[in-house]
Amino acid sequence: MTSPGLQSMFHALLLSLVAGTPLLMAAFCCTPLKKAVARLLPWAAVPALLTATTAPIDVVVEVPWFFMGGRMGLDETGRIFLCLSAFIWFLASFSARSLLKNDQGQTHFFVFFLTAMAGNFGLILARGMLGYYLFFAVMSFAAYGLVIHKGTDEAAKAGRLYLTLVMIGEVALFTALLTLMHSTGSLALEDMAGVSYHPLTLALLFIGFGVKIGALPVHGWMAPAYQAAPIPAAAVLAGAMINAGILGWLRFLPLGQTSSPQGGMLFVAAGALAAVYGVVIGLKKKQAGAVLACSSISQMGLITVIFGLGLLDHEAGLQAAPVLILYVVHHSLAKSSLFFGYDLVERQGRTLSRLQMAALLLPALSLAGLPFTSGAIAKTAFKGLAGTLGGPWHGLSAFFLPITAMGTSLLMFHFMYVLRHSRSVGHSGRTESRIIFAISFIAAAITLWLWPAARISASHSLAGMKFLQALWPVAGGCLLFLVWRRISSRTTVFSDEQKKQGGFDTILRTVTRFLQEKEKQNLKQDGLVTSLRKLVPPLRRSEKIMGRWKVVGLSYLALCLCLLFLLL
Amino acid sequence: MIFLHADTPAWMLFPIVLPLIAGLLCFLFSRRTFVIALAAVLANFLVVCLLIYQLLVFGSMRCHMGGWQPPLGISLRTDGPALLMLLMTAVTGLAITLYARGYFSYRIFDPPRAGRHQRQQRFFWPLWMLLLAGLNGLFLSNDIFNIYVTLELIGISAASLAALSGKPASQLASFRYLLISLLGSLTYLLGIVFLYRSCGVLDLDLLQNLSNNGPGVRAALALMSVGLLLKTALFPLHFWLPPAHANALAPVSAILSALVVKGSFYLLFRFWFEIFPSTITTPALNFMGTLGAAAILWGAIQAMRQHRLKLMVAYSTVSQLGYLFIAFPLARVDGSAQLWSIVIFMALAHSCAKSAMFMVAGTVFLHLGHDRIKDLSGVRATLPITVFAYGIAGVSLMGLPPSGAFIAKWMLLSSSLASSQWWWALVVMSGSLLAMIYVFRVMSRFFVIPEGVSFIRPAPFSPLLEWPALALALISLFLGLVAPWPLHILSQGSTALAQSFPGGLP
Amino acid sequence: MITTLLYSLTGLILFAMGLFTLIVHSHPLRKILAVNVMSTGVFLILVATAYTPLGQGEIDPVPHAMVLTGIVVSVSITALALILACRVQETSNLDLLEKSKQSKARKESGA
Amino acid sequence: MTWGQWLLVSILLSSFLPGIIIFALPEEKHHLRTILNLCGSTLKIALILIMDTWIYLGHSFEIRMVIIPGVELLLNGDPLSALFATLSSVLWLLTTVYAVGYLEESPNRSHFFGYFSLCVTVTIGIALAGNLVTFLLFYEMLTLTTYPLVIHRGTEKSLRAGRNYLIYAFSGGAVFLFAVVWLQAVVGPTDFSGAGFSPSFVDTHSTVLVLIFILLIIGVGVKAALVPLHGWLPQAMVAPAPVSALLHAVAVVKAGAFGIIRIVLDVYGAQNLLLLGVLPLLAGVATITILYGSVRALQQDGLKRRLAFSTISQVSYIALGMSLVDQPLALIGGLVHLVHQGLMKITLFFCAGNLAETLGIHRISEMSGVARRMPLTMAAFSIGAFGMIGIPPTVGFVSKWYLGLGGLAAGNWWVVLVLAVSSLLNACYFLPILTKAWFGKQQGPWPEELYVGRFETRLMLLVPPLVTAFIVMAAGVVANAQISPLAWVRFIVREYGL
């Protein structure tokens, strides 16, 4: 075999292992080997980590027989996403292993966990439309198992909502892919460049991937699901899987290669709305997971805004892409570290120490863009982007961003407050949890500073004015929080939010029940047979009459006459 | 017997003479009746095969009895349709003979009424042989008055057979049957008188060549037709058939339904399309078609509502006879060639299927002691072959492919559509659907095996009770697949057919 | 010619009378007799067919043969019909005479 | 006879003869019966695979038997018939195994298996039929051979269902016969030639041809359960599970769908249909059926009834694909769904049968937590259900993908809309089952626990659904490979020159 052949085989093997390892391990869960799988759980993400760091860029391996033409490969964006996701999955699997050590449904959970992991890794490597869609679907549906794991009513409800929205997303995506395939005639993601998008396709893509990131009309699942899922699962939902949506946009609407001003406006508008809306609903939540989910909605709104800006024209796209990635990395690390912190609280079974509080506050406020944190770097990059676009967008950076930052910090204080007041029974694996939190904290704190691509923004963020600009929203948020606490302690803000949840779900159920009632009415005996039965007596009578001699004679004569007449 | 070469026309005397002799012998020797009858039926079958061979090799033949030439003498002749009808009679007759043996020996096994059954058997064989002779004579006769005699012969023996079971209902029915058949014969005879007055000849060939279509001939045709219609039990003159057929013994029902009604129909058809084609008018054809359509629907609907299996089968005969008449109005486009194949196929398939069905009904009756349709479940456990035969015969009655009836229906449909008379096609289709309903009303009961039905069959259950029915049913089912052969026979000795298939038959 | 027509008409009338009786009357014996009358009618026409005025050629023998055959047939059928009618009345309580009439008669005799 | 003709005959005989022998076997010889059945079905698969290979290599064989002019029996091996024949024979093998397990200890098995074999013979006959008359022959015989299976239980309910089935099926058959005769009267003999009749008839007889097309579609639409003609299908669910599987996935419904394919592709031909302009009609019926079936499925609580309505909906994808016959992609989607729907639906029915046979579960409301008791069965069920919804990488997605692409290529946006709505509805009626089974809690004892043993149920009941579920998955994953159903369908479409 020639050496290029050998090399490509090696690449194929390496890339296959990324998604293949967790998938195989999931399969092994169904065999007596499940104990071993449980022990080896964290290692499922290792091939992904290794590949992300060692595999060459821009090698595309064709697997023609696989699912209508499979292509996989790693590009620069993919490498970042893979690295990020693998890291978070790695931490989360440690956490999950220790959390579920004595859980009844451990195997169940691990199957879904590993499958979702495989889906997440697979979609990053996919270089074909259908491959992406396939792994996206695998991940989405497997995540349902994570959401519902606890088996409580709340979890079931959250799961239902999640599933409904996932299904809507899937269908929207399917439709969007069809139209894309129709217009490009190719399944390769590279061929998406330069396609002019039908507005409907854009909307469908927005919905399809938007479900994953909690974009505005389809955000409903996030808060209940994050809350209902076991915390390691929530961590990967918020830290890793959420990025699949962003990556989807990047893949299908490659920034810098496509542009759609209308679409851009749609994204910006929806994102901006979500950024504010997330904060507003977040303040009503009284559970830490839910609050973090709302923060995700808000933060993802900002990312959507960045993406929308990138869609406006090619030039902006080229600039927006790195900013977007920067922001994604920042958000994922910070958010996952928050979840691990939440996990620590839950496991300790008591409130955090001051040190821990402080440590937790750092990623929290980093989301709000506190100076010296990764948030500040990301925000600076964002502002830089808005600045270069000029015109009305400049106002965005001056006015809108600080407002959202203030909102975020308000929300984060709320989160800290909720966390302090939450009660928990305590779980095993305290030590592991501490270590994991520490690692994630460190990662969140320093990654962007070390990352070459972020260096310019990092240095910018330290400049004096910027420093101040970043600081005042945090301070403002702090103040606002104090005021808001004062108000909300008097009025009961935590009202009937539970009832409102899953309105969609109840509609669906009502419709189904209504239909089933109607069906029961339909299931009556068919009337046709009974009405036919009524014909029997007259039939019998007429047959009898025809047998009478007189009638016979008459018909005989009639027949004779008729034939005579007709023949003559 | 030196004069009996393969090409001697005298062979065609045998189908008449053999059963006649056998009948006499059966009457005389009451011991070995079955053997005698079986020998006669077998010999009859062989002779018919020989006649067919003759037809294929030497063409249509004539035999002048006693050397007297027409117009004075009586002549017999063989041609395609006649031989096919003979073949039908021979095959069905053979099966019925075997079945009757099984039937009677089972009944005689029943000690309390053994004497009565033995008496029935003693009368059955001679009468059946007589009937067979009459039927064969009818098909072979080439003389219109001779046909009258055979008709009377058939009528007498059929009525006596129908009365054989001894039940009051059957005697009443057969009395009525006899009267009707007499009325029919007399009407027919009156027709002959008219015919003779206008033409002066009785030989069919001569009549055909005369092609006289004056009012006398027309009146004669009308009268003869009515007479034959009465015997064929076409709606609305069908009333006598169901009770007579349903109350007779099972082998008798099979004979009556499968063979006897076909005889008179055969004549009717022959008169209309071969002997007096110049006399018939379109309205008359349409009238016959309408009666046929009414018969199909009425018979089927009546069959659907019956509670007894044999009555249902009998009404199904009423319905099936209608198909034969649907062919009439299609003559306008196709000429008699296609028509012959339609009616012959219909008749062949129906006679096999119907006799199989009556045999099944008889076997079931013997087995259960009743034939109420709603209490038939469980029969399949003990009589699987019988039930199977019923199913196949039913399929044939419904005209599903590949049965002979399907071929006939196909030709009916294609003729009616080709001549834009689609309403006949609709009637045919709805007739099949109704047939499906009544066939499967019984079938569904057969299929059910309630809990606790024993699988042990009663001891003296002879295979003769089951296999003839199955054989006939299978013949009627696969008749469609061997359709080229009957068509080939049909085309011999008939010039019209040869013209309609110029490239030779497939 | 007139003769022939006369005979034939008579025959037809006989046939019609027989038919009427056959249809209208329900007693089996009457029915059998009616059929006999009908056949007589037909034979009459047949015989009339053979009729040729004296000296106008030979008499056609065929109708005579037919009538003879017909009579034979008719006789045998009548015999069979009679037997059947007897058997019907023997084996069944069902009277072929109208029941009401008979019961009325019985009542009268009883009274 | 050439060897190719012998091959065709022996393909038919390989199930016919076992069927006949089984009828003759005494009831208690079940081992012999099972061996006969399995040998027959394995042999059949082998023969059909040989046939497939030869067809792929470009050979063709036919047996022609002229009965009367216009009525010819023609058996013909072409790529399309190979597709259906392969599907039926493979699924037959699995269904046989399943039925042996399912009917263990139940009465009247020889009867059942006899008809079972005949039924498959007839189905293969439909696949191999080379003209409308032969198709009609086997189509009618299919009704006859499936009827005893439908009423196998012998209850009043099953008799009623059987009666309805017969009335529907034979009415359809009658209409079909009528249409066939009429068509032959207009255009002459109708061999499945791949091009349809000459376009010159379209000019002269367009109204009549449209009418005949409608009649033909009604005729086969009864079995394919197109909407106003679907009434028999949900009722026929009283039959035992292997029979339902056979009805829905292998034989009856498929025969109807296959008939639609034959009529569209071979009898009329794409060009003629476009000229006649009747395709929108078919598309409309298919759309209504897809949506109606889904909505009705949503209403059902009985598991099998829900599956039945789902079949009604799914089979119309094939009709939908046929209504876009001028688009090769849609054609691929429609044709490949013939196979895919069969695989998915048979999996679902096997699983439903397992639930009923093992735990006595017949209703969805009883299924709560059943996956903990029967994980493998429910895993197979889930894969089937995912396939129905059209989630990758199952085969259902492949069909929908091609249908959607074809619809777009034809400029018909509504096709995509229909697919999307139908997917959502499918999700609405399948996903709740899955969540209930997997994540629900068991409520009280099972209705009727019939089997307790080493595995979750009898091995012969467990293996077939697992195999089919695996195929559902695998055929999707390797859709682009050389030997997937998709590849064969592409080959067919190439053969038709589209």
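First chain written, first letter: the chains are A, B, C and D, and each begins at residue 1.
One rule holds for everything that comes next: a contact is a pair of C-beta atoms (placed from the backbone, for glycine too) under 8 Å apart; a residue touches a chain by one contact, two chains touch by 3 or more.
All values reported here derive from a predicted model rather than from experimental measurement.
Averaging C-alpha coordinates per chain and comparing to chain B, the farthest chain turns out to be A.
Contact tally for A-C versus A-B: the pair with more C-beta pairs in contact is A-B.
Work out the mean CA point of chain A and of chain C, and you get 101 Å between them. Centroids built from CA atoms put chain B at 79 Å from chain A. For this pair, chain C with chain D, the centres built from the Cα atoms lie 68 Å apart. Centre-to-centre separation between chain B and chain C, using Cα means, comes to 29 Å. In chain B, the positions touching at least two other chains are 183.
Shown for chain C are the residues that touch two or more other chains, namely 19, 22. Those residues of chain D in touch with two or more other chains do not exist in this structure. Of all possible chain pairs, the ones that touch are A-B, A-C, A-D, B-C, B-D.
Within the complex, the chain B residues that touch chain A are 180, 183, 187, 215, 218-219, 221-223, 225-226, 229-230, 236-237, 239-240, 279-281, 283-284, 287, 301-302, 305.
Chain B contributes residues 71-72, 145, 148-149, 152, 155-156, 159-160, 163, 166-168, 171-172, 174-175, 178-179, 182-183, 186, 189-190, 192-193, 196-197, 200, 202 to its touches with chain C in the complex.
Listing the residues of chain C that touch chain A in their complex gives 19, 22-24, 26. Within the complex, the chain A residues that touch chain C are 549-550, 552-553. Per the touch definition, chain D reaches chain A in the complex via residues 295-296, 298-301, 375, 386, 389-393, 398, 400-401, 404-405, 408-409, 416, 419-420, 423-424, 427-428, 431, 435, 438-439, 441, 476-482, 486.
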